[in-house]
Structures are given as structure tokens and as C-alpha cells.
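Next, two complexes with chain A in common: one pairs it with chain B, the other with chain C.
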Partner chain A sequence: MYRRIKKVLGGDILKKRGKGIGVTFYGTGYGNGFPDVSRAYARLLEDGKVEILVGATEVGQGAKTVMVQIASETLNIPIEDVILVNEDTSKAPDAGTAAASRQTYNSGNAVKIACENLKDNILQEAKKILNVNSKIGLVCEKGSVYVKTYPSKKVSFKEIANINNNLKGEGVFIAHTTQMDENGQGAPYWPYTFAACAVEVEVDTETGEVTILRAKLVLDVGKAVNPTLVEGQIDGGFAMGVGYALMEDVGLKDGKMLNSSFEKYIIPTSLDIPNIEKVLIEYPEDTAPYGAKGIGEPVLLPVAPAILNAIYDAIGVRFYEIPVTCEKILLQLNKG
Partner chain B sequence: MNLKACYRPLTLKEALDYLEEYKDKSKIIAGGTDLIIKLRKGNINPQVLIDISFINELKGVLEVGEYMEIGCGTTFYDLASCILLNERLKGLKDAARSVGSPQIRNRGTIGGNICNASPAADSVVPLLALDSILTLESKKGKRKIYLKDFFKDKGKTDIRDDEILTTIKFKTPTKNQGLGFYKLGLRKSLAISRISFSVFLEIDDINRIEIIRVASGSVGKFPMREYKIENYLTGRILDEDTLNTALEILEKDIYERLNGRNTARFKSIAAKGVFKKALLKALCLAKGGGKIED
Partner chain C sequence: MKIELNVNGKDYSIEIEEHLRLIDLLRDKLNLTGTKEGCGEGECGACTVIMDGRIVNSCLVMAFQAHKSKIITIEGVEDEDIKNAFIEEGAVQCGFCTPGMILAAKSLLDKNENPSEQDIREAISGNLCRCTGYNKIVSAIKKAAEIKRGGRNV
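The block that comes next holds the complex of A and B.
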């Protein structure tokens, strides 16, 4: 008897589960004919460290880490020996906005080119100092240059800097961006990042509440310069996608925002986000710095379609407008 | 802002003296989680604040005979973690735990939640279902009033400008009794309630409802008792038909109450689901604290 009442009152039958996926591709950079140029300078400092000047703004995405990693990799020096100046506009050259998922790809390329040019100049100088006829056979390692077949023939970056204090390199990267034709056809971007998201949701048919039970996000990153940062971007992008799909509404009325504070403009909390299983696919992009493509926006894009598909799978209602709030779900379920 | 002074009395007597002196020119501040916002927005403009958050005699939970007595200055955190409140009162703890954020729960008080008279006040709903009695004190003396009679309109209560709400008391639930609470918010934490329900239930071995008190939040001008559904359910055996009829009554009642608002249809439907969840929780507790499989 008690069991039967419990069942009547709200057993699992009233909660419907469904699964859905979303698949997207997204062009890195401004694209569609809008000029997209990143610049960077690299300079050998007196103490043998290398200064990187690039106007790539850190907005929490990890530009400061990634630019240092790329410079460190290119010059084969420890990351401690890279001095990054990235947000001082009196020093750093323009590297465009931290937008369009473009900093790692575009400005990363500029930093890589600047470092390659600096490295070339360092090797030229080392060639003279080490008294060999060619740069061929010279190795750059941990802040020194040596002759590969005669490793004791070696000079440090610091010694090189003391002999020539004007060693620099400039990097300019111009991205592919061509305007589409009047029919919206063409090749507006290069490269593209691919992403797929799968979720399982539970819809409470009595209150309209949606709970995301499980999530998986697969991202074609080209190369993860810093895998932990990419995973962090996935966590953040997924949460943003949940807000986009289920909660966030500026409530525009007659040109005014009704939900103009975080009291009414609802974004997800940690309790609204499940553990996200993450898969990074590393298929290096030829034109990218060490193969790395833009991932900032791509981590967000497949989330809302996956959630809406999962809701459809759960309750058979197809929503064409977001956010899908409990109110919209309940009214749809009780239509007519 | 017109604020000239903020007094911080250490005893209730001292606080009542200040209140007697300044009356409507003053505002009582406890946790301040609602008051500070109103001050900033300019919605209130007192000359004097009387800060009662340092008065120890207004804090904490006491067991007095068959009653539990909660001091008005008890925070939501204290309430949610109070070991005196037994498992049958889980609905009250759940409500306290669902208020705002950890910061709000550490500052906000039960007395403030009641006196602020917000329709969405989470802790008030289970206190209504417990048929709580408030004690209001002034220099002139004490008076008692049922919580269900305390609210007059949205943000309006029966309290006079020389009175402080000092305690809230209710009978400790016993055998065959339980208190359930469910809140529908727009997210899983830090959510303002869209609808909340609390159910106090006493049910016998053959599932006859001996006592049922139902309270709602955010479906009226203030948190209130749902007498129509209470009257229908009292004395009946809880089965599928009874429940369905009760839900119809509730839906119709709330739809009529909110008629004209664009949320009327949604809220009247959702209220049924929220009520059922609160009832199920109360039922499980009344039947001996059985786990709710959800």
C-alpha cells in the first residue's frame, strides 16, 4: 500500500531520460574578408633570456601561458627564460583581439615566426663566435648554442648578447580571410575546429526541471599546447552552453533588458554541471603553431544543440527557441 | 541616504529602548542580506539602524516541553546544522539549506526572512506548515500571533514599529508525523524560488490523513497556507483518486489566485508537481524516515 502511494506520488516514471548529440565546425579568426593580422617581436636580453612582445590579451583563456610555451619550444629554452610582455600597448605590437578563438593560432604563429627569426640571428652570431663556416650543424639548447659534432665548442645566449646586444626577430602572421560571395559561398576561414558533444538529461515532467546527468565533449584541437588549459576551456564552455540552452535570457522588451542583473539573468552554478568526460583529438594543422587550432568558442557551440536534442529524446518535444526553461517545458507538456 | 546612526545593543531590553525612541525612523538590521540592498536602492530611508545581530539571547534553538523555540537571530546555517531539530523536521532544514548562497546562509536570519515578508521566503513555508507561533515584543509587553495570520500583503506584516520578532515556536513532530519541503528554482543552487511547497503530515497505519498542513511560496502575495487542499485531504485515506482530486483543487485554486498574470498557467500546473514532491517527502518521514528513491 505504502509502495503504491509512493509510486503514485512520484516514482521514476515521471522523470524521463533522453540522450542527444551536437556536432559543429567553426572557423578560427575573424574570417570573411575582415583583415586578421597578428604581430610579435622577440629580443635577446642582456642576461641571455628572451623577451617576447605580443599584444595578445590574457582574458583567462591562457594566452600568457601558451605564448610562453610556444616561444620556449621554438628557441629550445626553459620557460623561465621567456619574459612575456603582452598587455603593455606602449611596448607590445598589435596582435588583434582576444576574440574569434584566434590568439593561440594567429598570435601563436606570430610568436613562433618571431622566435624563428631571432633564432636565425642568434645562430648567425654564434657562427662567427664559434668560428664555423655555416649555421648548419649548430644546435640551440637550454640557452646555449653548440656545434653538434663538437659539443664543447659552445657559447651561451648571455655571451652572445654581450657581444651583440641588438639581436631581434619580428613575426607577422596574416590569416586566411576572404569574403564570401553574394550567395554566401566561398572560403571565409582557415582552419576549422571540429567539436562534438553528447549529453544525457533527465526531464521532470511534473515541474519541467532539466538535470544534465552525463556529458562528453570531443574536441579536434590540432594540438593541445597545454592540455590542462584546454580541459579548463571545455569545463567553462560547457557550463556556458548549459546557461545558453536552459537559463540565460536578457529579456529584451522594447529595446530594454529586463534581466539586467545577475539576480534575474541566471547562469549555471557548479551544481548544474555534471562531470564532463573530455576527449582531445590531436591531428596537427599544417598552418598552425605546432598544429594548434583555436578552441575557445568551439567548446561552447555543440552544447546547446546536444541538450535540446536530449530533451527531444526524453519528452518528444522539439524546441526551436532558447533558453528552454522549466516553464516552457511544462506548458508544452500540458498543451491543449 | 539619510542614515545618522547605527546602534548595536547587546541585550533585547536595550534594543527595545532604541526602538521605542526611534520607532518608524529606525530599521532593525540582523543579517542585512535584504536590508542593505533596499538601503542601496533607496527603497527605504531610515535615520537609524538598530543592529540586533550581537544579541545572543535572540539566537539559537531551544526545546521547551513539546515545542521547539527558534530565536529570531538564528542564521540559516545554524538552522540547517542544528542537531536539536530531528529528522522529521527535514523539510525545515532543507528550506534553510536552499536559501541563497553560503554567504547569505551565514548572515541571513530566520526572523529577517519572516519580517521581510517576501513571497519567495524559503524558510517561512515550512514554518507555516508547522503552524508556528511568533512572539513579538515591545516596551509595552509581549504578544503572540500565528505565522499564518502575520502577513498582510507583499512585504507587509502585522508587526508594529515598536516591536521586535523574538521567537518562532512550533510543536516538535512525533511518531507518524513528518515535514517535507520542495523548491522549484531556475537552477540547482543560489536560486530564488519560482514555487515552493511544504507539507506537514500525520498519517496512520491505514494511510488515513490525520493532520495535513500545506504551505506555499511564490504563488501569492506572501507565503501562505493552502486551506482548500488541507480541508479536502484531512481525514481521507491517501490513495490515487484522493490525490488526483486534491491536485485538481490545488491547480484550480492557484490558477484563480494568479488569474491575469502570465505565469498563472505555468505556476498552477507546476504547483501540483512541487506539492507532490513535498508530500512524498513528508510521507516518507512520517512512515519512519524511509529513504526517498528519487
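The block that comes next holds the complex of A and C.
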């Protein structure tokens, strides 16, 4: 670690710059022995489309998009042919909470298994219709099944559904989750997502204000099912990290929240967030649907440590408590 | 009391209570529920509407203050360029801030078809977003501006 003071515009020495990094790893799912099960059903509809029932809640993170993509990939059908029912508890089976960065990995696995089982049943039916001895030579493509070596021998999902209207598949995925021992040792989660964040900050030594000048975030996603959505998660997680590190404080006192409105509970605005250079590392995880690990929380975690390290690099003060507000910085600097 | 106003090109003459806020008039009386109430104290911008060409927090405007005014809510935004750019860039996550963001963007682009990134960040700085980290919203507004300047086919 080194310290450096850079002159900024107009030779103003009151603003000091520093760089910092943060590196984290984080388990997908509930972990530590808490039961973690996702269920999904897949069903062939009369019109040849496929209905996916999975209780994965969409809160903006993209579960609805990702589940449809996984089903579409597994059954090799267009996105438009996947009908997702995900927030109707009278129809969709329990897929756990949209929490613990678990929906893509856990419920994605359940959807994939359900679709594989449905595909198997569709092929079984197609085998009879196409009058071949085994499923092995059949190909599922764009809502049809055909014989690999004789492509004109073909039957559509719609035709199959008209012959058998009871083709279904169930998917149950039980995640690895074991309790740690009394010393905190063990194997609580699987898999782990790795993330690294680097930032350059400028600290105004007159006002205590910290500005994030540049940021880079590298994320080992396993596989990005939808890269745009992963980028959106990185942007969002980074902004939450900035708030966490520098601004956000509910101010609990005697069991009461002192900062219970946006007037006092400050979160970042568009002016507080820089553009972020994003790098997605795709090293597919064997147990994951198409290799995709959980990324929701991992994008947030390395941000605050990176910012606090950068502040230390800039002004030589090590903070052990967040948020590092302007007041706290000034207090430390004025200690002399 | 009775007020007259124009909302999304339609004239209304409505009986209101004096304590009614503009957001309540829009949501409860006119059933324009696209406008969201976030904090209810003018901090978050979720309730942003355009009033006589300026963006306002409709939670801080009393309904009677809107007498004789022209209001545009998210339902009245006919600008497909902005909406499409938000979709294409992935600028929507939970969506709660989106109506306000789009109105703030429209208000900016109505006045400035070639905004800098700083202009865009300032224009939406009164609109809080918890999910997106703003960057994709900023690129969506940049893209909408490009499309407006004729860059669609580039």
C-alpha cells in the first residue's frame, strides 16, 4: 500500500486521491443447513407452447426473463413459446424466496430439470408417433421433433399435444446446505461466486466529501444467462455499495429509527455514481443451470471495502465503521 | 371547490377538496395510476409529472394549484423513442421509479436534444432509484436523444 497526493484542477491540494480494491466470495442460496428447495412444473399446452410453473418472484432482478430463457434453451423452442406462470401461488409450486442470490441457480435448476423431464416425455410420445424404436435418434428443435437421419419424418409439439394432452415434467432442486460446527467450520454453501472491485476516489479534505471517480467490477458469474441483466445488477449493486459505504444510516437509537425518511436517510443519486467498467468471467459451474451462479448479492459486497481502502490510500485514515460520512472524515482529519 | 385543468390533452372540470394533492387527484379521481407515490415528501421523484412544461413532484403540489394548468403524466407520454430506449438498454428493473424517470427524461429532451452525460445525470438527479444504479437509465436517455437526432438508422 502506498500513499499519494495528487494535485487536482488549479493546483488545489485540498482534494486527495486514492485507489482501493475489495475482493469477496459469497455462497449462493440459504446455506448453513437451512433447507433450500426449488420446484417447477413444465406442461405441454394444446397449441404446442410450453407452460412453466415456478414460484420464482420477479422483483426487477430478471427472474421472469431468466426462467423463460432456461426453459427455451432446454426445450430448444423460441422464447415466445414459453408461457411463464410465476407469481400465482394457487398454480405455481414453491421455489423459495427471491433472496440469497438463489433464483437463477436454484429455481433455474428446477426449471431446467422440469423441462428435461417434459422433453423426455415428449420424445417418448414422438417415438411412438414417428414409429422409431428409440428416442436416441430424435432431435427436438423449434417446437418439433424429427428423426436426425431422416428430417422429413417430423411431428410438431402441437400435433403431439393433440395426441397426448397430459405431457408434463416436474423439477425439484435441493441445494447443498450444511450447518457449520460450533467453531464456524464446515461447508455451508455451494457454489461460491467471486467478485473484485476497484475504485479511485477523491476526498475533499475541507468538506469531507468523497467522490468516486472511477470504478471497475469483475464478477465470476459462472455463466451470464442474460449479460444485460447481469450488468444491471452490477450497476445497482455498486450504487448500493456506495450508499452503504458513505451515506446510508438508519440511526437506531433506543429501538427507534432516527433517519426514517429520504430527507435524512441519504441514498446515492445519479450524480454520485460513475460509469463502471464491468468484466464478466464465465467459468461454468457444473451443478448450475448452464453454469450460472448467483450474482445478486455478490455484486454489492466488494464495493464498500474497495471504497474504504481507497479513502485510506487518499488520506491515510483507516475507518472500521460504515457509513464513512463527511462528518466522520472531518473529525479524523481534524484530530491532527 | 371546482378546478379546471388539462391532463394528457384532455380537459377536466372537477370538484375537489381543498386538501387534495395533485397526485391524489391524478391517481384517485382520474384513475391515472401510472404516477407512483414513493416518499410523499418530495425527496424521491417517483411522483414526477410535467406541469406547464416543468417537472414537479405531484405529492408537493396541491390539486387547486393545478387550476388552469396543463399536466402530462406517464400515460400521456407519446414519445416512443424514450420508452423504447429504456427497454432496449435494460433501464427498467423493479419499475417503480420508471414513470418519473421517463418524465424527467422527456422534460430534458424537450429542451435539449443533445444533452451531455452531465446534463442527463443532473436532469434525473431528483429521481431516486434503488435498483439500477442509474447507469443504464443514463445510457437509455443518451440513446433516446440519438434516435431523436436521426441516429436510428446509424
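What we mean here is this: the second predicted complex is superposed on the first by the 324 of 336 C-alpha atoms of A that agree within 3 Å, B and C clash if a C-alpha of one lies under 4 Å from a C-alpha of the other, contacts with A are read in each partner's own complex, and residues count from 1 in each chain.
Operating definition for what follows: a residue touches a chain if its C-beta (ideal position, glycine included) is under 8 Å from a C-beta of that chain, and two chains touch if they have at least 3 such contacts.
This is a predicted model, so every value here is computed, not measured.
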**Request:** May I ask you to decide whether A:330 touches chain B, chain C, both, or neither, giving the answer as first, second, both or neither?
**Result:** first
**Message:** Which partner chains sit in contact with A:263 here, chain B, chain C, both or neither? Use first/second/both/neither.
**Reply:** both
**Request:** Quick one: classify A:232 as touching chain B (first), chain C (second), both or neither.
**Result:** second
**Message:** Is A:206 touching anything from chain B or chain C once the two structures are fitted on A? First, second, both or neither.
**Reply:** first
**Message:** Just checking: does A:136 make contact with chain B only, chain C only, both, or neither of them? Give me first, second, both or neither.
**Reply:** neither
**Prompt:** Regarding the shared-chain residue A:271, is it in contact with chain B (first), chain C (second), both, or neither?
**Reply:** both
**Complete:** Shared chain A footprint, chain B vs chain C, residue numbers 263, 268-271
**Asked** Any idea which chain B residues touch chain A in the complex?
**Response** 184, 186-192, 194, 207, 238-240, 243, 263, 265-266, 269-270, 272-274, 276-277, 279-280, 283-284, 287, 293-294
**Prompt:** Can you list the chain C residues touching chain A in their complex?
**Reply:** 38-39, 41, 43-44, 90, 92-95, 120-122, 124-138
**Message:** Give the list of chain A residues in touch with chain C in this complex.
**Reply:** 59-62, 228-229, 231-232, 234-240, 261-263, 267-271, 273, 275-276
**Contact set on chain A toward chain B in their complex** = 1-2, 4-6, 8-12, 14-15, 204, 206-209, 211, 247, 263, 266, 268-272, 325-327, 330-331, 334
